[in-house]
Amino acid sequence: MIPVDPRYLPPSAMEVPRFAGIATTMRLPLRNVADPQGAEIGILGVPWDGGTTNRPGARHGPRALRDLSTMIRMVNQATRAAPFHTARIADFGDATVNLTDVGQTMTLVEDQFSALRTAGVTPLMMGGDHLLSLPALRAMAKDGALGFVHFDAHTDLFDSYFGGMRLTHGTPFRRAVEEGLIDPQRMIQIGIRGTTADGSDRAFAAAQGIRIITIEEFRQRSLADVMAEVRTRVGSRPTYLSFDIDGIDPAFAPGTGTPEIGGFTPFEAQCMIRALDGLDIVAADLVEVAPPFDATGMTAWIGVSIMFEILCVTANAVARRAGRKPVICEDIPDPGV
Amino acid sequence: MIPVDPRYLPPSAMEVPRFAGIATTMRLPLRNVADPQGAEIGILGVPWDGGTTNRPGARHGPRALRDLSTMIRMVNQATRAAPFHTARIADFGDATVNLTDVGQTMTLVEDQFSALRTAGVTPLMMGGDHLLSLPALRAMAKDGALGFVHFDAHTDLFDSYFGGMRLTHGTPFRRAVEEGLIDPQRMIQIGIRGTTADGSDRAFAAAQGIRIITIEEFRQRSLADVMAEVRTRVGSRPTYLSFDIDGIDPAFAPGTGTPEIGGFTPFEAQCMIRALDGLDIVAADLVEVAPPFDATGMTAWIGVSIMFEILCVTANAVARRAGRKPVICEDIPDPGV
Amino acid sequence: MIPVDPRYLPPSAMEVPRFAGIATTMRLPLRNVADPQGAEIGILGVPWDGGTTNRPGARHGPRALRDLSTMIRMVNQATRAAPFHTARIADFGDATVNLTDVGQTMTLVEDQFSALRTAGVTPLMMGGDHLLSLPALRAMAKDGALGFVHFDAHTDLFDSYFGGMRLTHGTPFRRAVEEGLIDPQRMIQIGIRGTTADGSDRAFAAAQGIRIITIEEFRQRSLADVMAEVRTRVGSRPTYLSFDIDGIDPAFAPGTGTPEIGGFTPFEAQCMIRALDGLDIVAADLVEVAPPFDATGMTAWIGVSIMFEILCVTANAVARRAGRKPVICEDIPDPGV
Amino acid sequence: MIPVDPRYLPPSAMEVPRFAGIATTMRLPLRNVADPQGAEIGILGVPWDGGTTNRPGARHGPRALRDLSTMIRMVNQATRAAPFHTARIADFGDATVNLTDVGQTMTLVEDQFSALRTAGVTPLMMGGDHLLSLPALRAMAKDGALGFVHFDAHTDLFDSYFGGMRLTHGTPFRRAVEEGLIDPQRMIQIGIRGTTADGSDRAFAAAQGIRIITIEEFRQRSLADVMAEVRTRVGSRPTYLSFDIDGIDPAFAPGTGTPEIGGFTPFEAQCMIRALDGLDIVAADLVEVAPPFDATGMTAWIGVSIMFEILCVTANAVARRAGRKPVICEDIPDPGV
Amino acid sequence: MIPVDPRYLPPSAMEVPRFAGIATTMRLPLRNVADPQGAEIGILGVPWDGGTTNRPGARHGPRALRDLSTMIRMVNQATRAAPFHTARIADFGDATVNLTDVGQTMTLVEDQFSALRTAGVTPLMMGGDHLLSLPALRAMAKDGALGFVHFDAHTDLFDSYFGGMRLTHGTPFRRAVEEGLIDPQRMIQIGIRGTTADGSDRAFAAAQGIRIITIEEFRQRSLADVMAEVRTRVGSRPTYLSFDIDGIDPAFAPGTGTPEIGGFTPFEAQCMIRALDGLDIVAADLVEVAPPFDATGMTAWIGVSIMFEILCVTANAVARRAGRKPVICEDIPDPGV
Amino acid sequence: MIPVDPRYLPPSAMEVPRFAGIATTMRLPLRNVADPQGAEIGILGVPWDGGTTNRPGARHGPRALRDLSTMIRMVNQATRAAPFHTARIADFGDATVNLTDVGQTMTLVEDQFSALRTAGVTPLMMGGDHLLSLPALRAMAKDGALGFVHFDAHTDLFDSYFGGMRLTHGTPFRRAVEEGLIDPQRMIQIGIRGTTADGSDRAFAAAQGIRIITIEEFRQRSLADVMAEVRTRVGSRPTYLSFDIDGIDPAFAPGTGTPEIGGFTPFEAQCMIRALDGLDIVAADLVEVAPPFDATGMTAWIGVSIMFEILCVTANAVARRAGRKPVICEDIPDPGV
């Protein structure tokens, strides 16, 4: 028997239409960062795109993701995972940010992630642009550098833009490695492609020992083989998972600021996340959904579908850390109609 | 000094960006129909379009209206009204409906409006299609027929569709008059236009004494003159205000199921609602926003802008009923930055 | 009692949903140019835009107009006109054209209009670009120059484009005047505006005695005054009515190739057409709807709404020519539900 | 020599532009259910979405499918099939439905399919939502349970929604199995994926012996292997083919009410249908195209492209039943220009 | 005879299609801020929106404005003005900005406007967001405070946002008045409307003597009357003209970050700018076009149409300052075809 | 050390935002066909679609491609190629065309390509429709028939349309083979699919020895295997490369006039072009991007991404012909920030 707290279960899509009601993430309960007790996983929106060097709009990501997220139902048909039964998951609303002050936003976001971490809540960030992973990492790596699994079209390992700006969405992971937040030996980037300004990011990666799997290498190997390497590289210690929606091919996910053709299919993304089950995920993010460029809403829908997969493997990690067994569909008594 | 309850004030747009946070209507507090105490005006979404005879989608209206509504700020520059300081307004989420059962939905919606009415909460419904005004009227007219101010391209006074279907969005006000919910002598329809199937609605209106102001008559008179007639006709007794978004010209508001060219401008709509200040409004609705046909979101934005005007005059009515003076911008101490 | 031929009546919107069924124009019967007998007014699509000098797409106009046209119902609420009861109106499908041969298309279109004219069918053309008015005029002016009422943002009176091309959508009415198809003394253009390449069109108009009413003059006078001038100018003799959708402001009607801001509202267009009732209209057209630029479909909807007004006044002209009295809504026995 | 009836051949795209003319399905002749003689395959639109539990709009499917269908040409380059030469195919327009009465619509649709069946016309339904397969099955299975090949993201095998509604687009095939219309041993579902409310559909399938191939299983096997299993399972007896457009990945086909990421590519869909050649297809449908969510029209284009493949294999089945040999491109004398 | 420099004349739309060629503004010659000699009016794009407090995207304004601007032709039909013959106008490309550094951008933009001013080039800025008017004013008011004609939905007179940010697009004119760049007695704002956070902007305006004409006052007076007041207020001394596209109603111009319903029509905007002919305009801007929200491109088209009107009156001012007579259409010898 | 001419290097995306500045192709220098000296590769837009038999709009292709092209950066991450360092590449603007005269356009375009060829500039054409390859071939094949690598959904090998029109976008390569511009033994078409009017194109191909690889054959072989055949077939002699964007699947690239489902992914297109490195490419084109059907701009983005790949292999060919070694990323000294 599973001791599920019914306050953390969304309504069934077979009872309440999925477009009805206030749009919290996946229709989960709404909580506040100032009072996080009880939740085990906290979804925190960060509506900010002040680090963007090209087309803006990721500030509107959390709103659009929440809108589409209410189409998510209870269980994962492919893996049978029942994340809302496995861990107590809540929507913590949107972080406080300062739209026109990068530095203050870095501090504000770090503080809010620290509050969740202190309360034992595993965070899943909805961006916002990719610079926001930096304050999240600053909060989550307080006990030591983390492993880092990174799905993206871009390395985000450049030093600076526009004559010395060191805090942009093209630089967060250079900063994170420099600050010791990520262990470069436990860092792996998958899906890198497109044109580039120069080779300085690759040179940094090579010097630090960061592993880069380009989309071309990915397509020449099997997905299973690549993901085995990922698991081996990050190992069993605490790991941060970061998914930039521009890792997905822009035919599927046009709603992002810097699209690059030739990316992952959504199905591949689902399979890759599922292959991370078993890792000790301590934080994750899904970033760079830019709704003004998402005419059909399908980018947000892919985003929340990936978030759901992330929640499945993160809930399992939470359960394992708590000594519980993950719940699957078949464990749920009396399935509804 | 005004005794404002700060729990009913939305955050300032100058402190929290308007796209941030969970999208409740105008960023008001979220309440529940089962526990309505404290609120004086309750906004209730009804995500249902089962009465639609043409293009569907109004079921998605409440979601889209809430999304755009967070761009609304604190006070009305034109009238100086400060509705959130004048009355305690809350978002009551979405009503429970049955997507595929018209009859049960009629009962469910009526019950939820009755619950608000019993608790002394003046309701503002966000549709959904126009048939939903019927259960709202059934709940609100329990003490006698109401006056009815109706902005629309269509009379909605037909008898039935499709071989006898008497509950569609083309028939609610015929039913309401037949059931004694609306006093036809205190009923007025403004903006009627377009092609029509036949003259049976006009014949019914003529027989009952319902006043119809076509868009052609409206354009030949001044807006002030028309609205003076409206005020005279409905008088000082309790009145229901219903605004079908298709009253607005479809260049401004394409996102609706049955557009008719040649309608009101949004500015005219604003002026007409403002001219209702002083009426004893006991319930209101804004219906027929169909987001799938609203490519730019501007229909929803017009919808919430009209809802804001309705809230201004309704809050004033609530204050008068409570013996309070309406609050205006200049009454608010210490305006923020 | 009115002797209406039921084969020419579209189904009621209250019996058959307006989106159901094959999309003939206004759900009228489908006839063939080769066998036009019986019909009094023939709607003929011409899916061709080979005269376009700027953005193409008007070739798709007839398809989009037919799609939206099925939202039209039986009678005109503003004028009470019942065009489908007043005259036998049919959809004659699309004219045969040659997409890549201007000259052959001119001949083909003229021949098809001649066939209708010979059979006593008054044509209403759905464009296609505005050059197509030229072959229509060649067919219809066989007995002498026609009066010409022209709503448009542009005069279309230039001599040639691109180094001598004399058949483009910027030149048809210069050709028509040169060929004696239009009587310049009975020609009037309303709504002219925007930037222009030079003053040669105005010089031609001045030399020929063509009357041009710019949008600025239109806005300084009343619509009634302008239309009185129109009626006086064209008088009671046979007249061709041409409506270029770009006469309408592009906020209302973005779906056209050469938009100019500051145009008519659709309501003004409706009123202007209604003011033509009583003229001896022998042919008409609605041109330049370019669906690829019509994201919401509202341009096509305005187009068919204007076509409906044109049909109302044209059916009345047909009835008068046949010695019949126009039918209005109140004449129709037993209005349906 | 092939005895082709020229009345059943659409015009060549090389003679008449594909956007010209009245939009019947694939520019086929228009026939009436009341007088079906002569046709061997009948395409029947059903503009109804009253069974939809999420986003509506499939009622507009037939209109959009007909619009895009006129881009289809004469023969299938991949298989060389010439379906319009192989069988006499006609468009039977749209079925009569009742928009707001589920029960009456079930009866009306069943009756119209029965009329086609009685006349020996093999039907291809264009939806409309997936509940409509139920009345089609009721008509077509009068002589015994049919085999059923089902492409979809969802099983549609649930018992009821919203507190007991047993007729929704999530329940038709549970009803069909319960009513003995489908032989569960000859039923196979391909493409199932996404989140789900619970496991009750799978439990029903397991109990009945229905075969479900999830998208994950599909991707681990070859398409040829999967389709061999399909052919083996349904065998040579009469079979119904049902294609829900949401089987296709929503990047390709966003225009549907309940998209699930990770679906078929259109190329896979084409190959799968081609692999059904040789089965005894007695009826088919293509459902759930919801044009309001189809910004580019590509969903409808995929829909009609799949319908064309279905017509190719169905025409071959018709020909075999009539003792004729299927016609291929090379059999057609005097290829046009 | 007019001594026109042919290098400053765009190609005729009757010779080169308007969609052909590199998109410089209105197909004018491309010049560089570093070498401005010869030009009299310089159009300078500023692709930056770092001052935006709500929906971003104005950084993409210059690109979209240039794209649509190539539909502009040679002369103004309404006023007969021939701006490209009256003054030597050039496109100076886009200003150098720093996307993520507000302070540096203020300096960079000011310097570039100063360079134009020093060379005697009258600038017309294409925004970008409205904060950019501040550095432009800093450059242009070096000889004393300027008159200021301001069309907008918002006063942009607030003190700060987000806890003290004094440089946002809601604050530039408070700064400009504080810094003595604008003479408040010669400042007038037209079109103000919508909801507002508080009354602090109005209090500042009242204290400074800034004149605000709300849209409500505008609609109660004639346009001519309002514009007479504008001319009287700013008088004959040097004046800056600023047009925020959100002054226009969002049905016409949805492509902006903070739309407010009930605004100007584009025709009113044209008439208002024309009424400024005779003022001593020394600089102007058109700001806040946000292409990601401009689905049809019509916002950009309105923007460039307004820019053309601004160029007409600014060219006349330049000519007067140079002792030349403005050129009109009729002055141009040998009108082209 | 590489002797790179800095005038031919676009600005770095890390210094100048990619949306800033005048949109020349990939931000390359702008040159003129009348003065081509110095450039080695010339990109020439041809804004013309007068050969289109179905949906128009390719005339707007060059504008849209230039807009998106500014997102391209300096080097190719997959191949390490640095095309802008390898050869001097310039944008030659748009060719002069005559919108309404096919014959004159054929001559004009041929002449402009001849001018580039005479100056030793290798051309890359941006269409425009596919008929434009014919005048390009006429210019480039003056020394003998060329090899021809052709990516497309259609063979474009038909004889004529619409009763004898021999110059349409469905016929250019039949003309080119007839005129001896292409060596059919060195011609290969890849990606052919969809429905077809008849088999006459295949019969012509078979008779001439043209190799056609359908999409079905392509999917049954490996990409490497197909491309090996391509290289073998065209050999080391001069070759023209033509890429019709409709070769790409329309889910990825909806913005084209005649989409066919089941096409290439953009990643496959990238890989196929890369596999052409080493061929002696003397001219290339990318055609049929029709922006009016490209709601998200992703078709143009795919188009320019493919153009970048074409530039990489063409620059290498140019370098080899000039006896230089292609430059790669690692050759570039002092990589920027």
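Note that the chains take the letters A, B, C, D, E and F in the order they are written out, and that residue 1 is the start of every chain.
As a working rule, a residue touches a chain if its C-beta (ideal position, glycine included) is under 8 Å from a C-beta of that chain, and two chains touch if they have at least 3 such contacts.
The structure presented is a predicted model; accordingly, all values stated were derived computationally and were not measured.
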item	value
Chain D and chain F: spacing of chain centres that average the CA atoms, whole Å	39
Averaged-CA centre spacing for the pair chain C and chain A, given as whole angstrom	56
Centroid distance [mean C-alpha coordinates] between chain D and chain B, Å	42
Shared interface positions of chain D, touching two or more other chains	17, 19, 53, 55, 59-60, 99, 161-163, 249, 251, 293, 295
Overall pattern in which the protein chains touch one another (line/ring/star/complete/other)	other
In contact (per the touch rule at the top): chain pairs	A-B, A-D, A-E, A-F, B-C, B-D, B-E, C-D, C-E, C-F, D-F, E-F
Chain A - residues contacting chain F, complex	53-55, 158-163, 170, 192-200, 203, 214-216, 219, 249-251, 254, 258-263, 293, 295
In the complex with chain C, residue positions of chain D that touch it	16-17, 19-24, 30, 45, 47, 59-60, 62-63, 66-67, 91, 93-94, 96-97, 99
Touching residues (chain side chain E, partner chain A) in the complex	49-53, 55-57, 59-60, 98-102, 161-163, 165, 167-168, 292-293
Partner chain E, residues of chain B touching it in the complex	12-15, 17-19, 71-78, 249, 251-253, 265-267, 270, 295-298, 301-302, 305, 308, 329-330, 332, 335-337
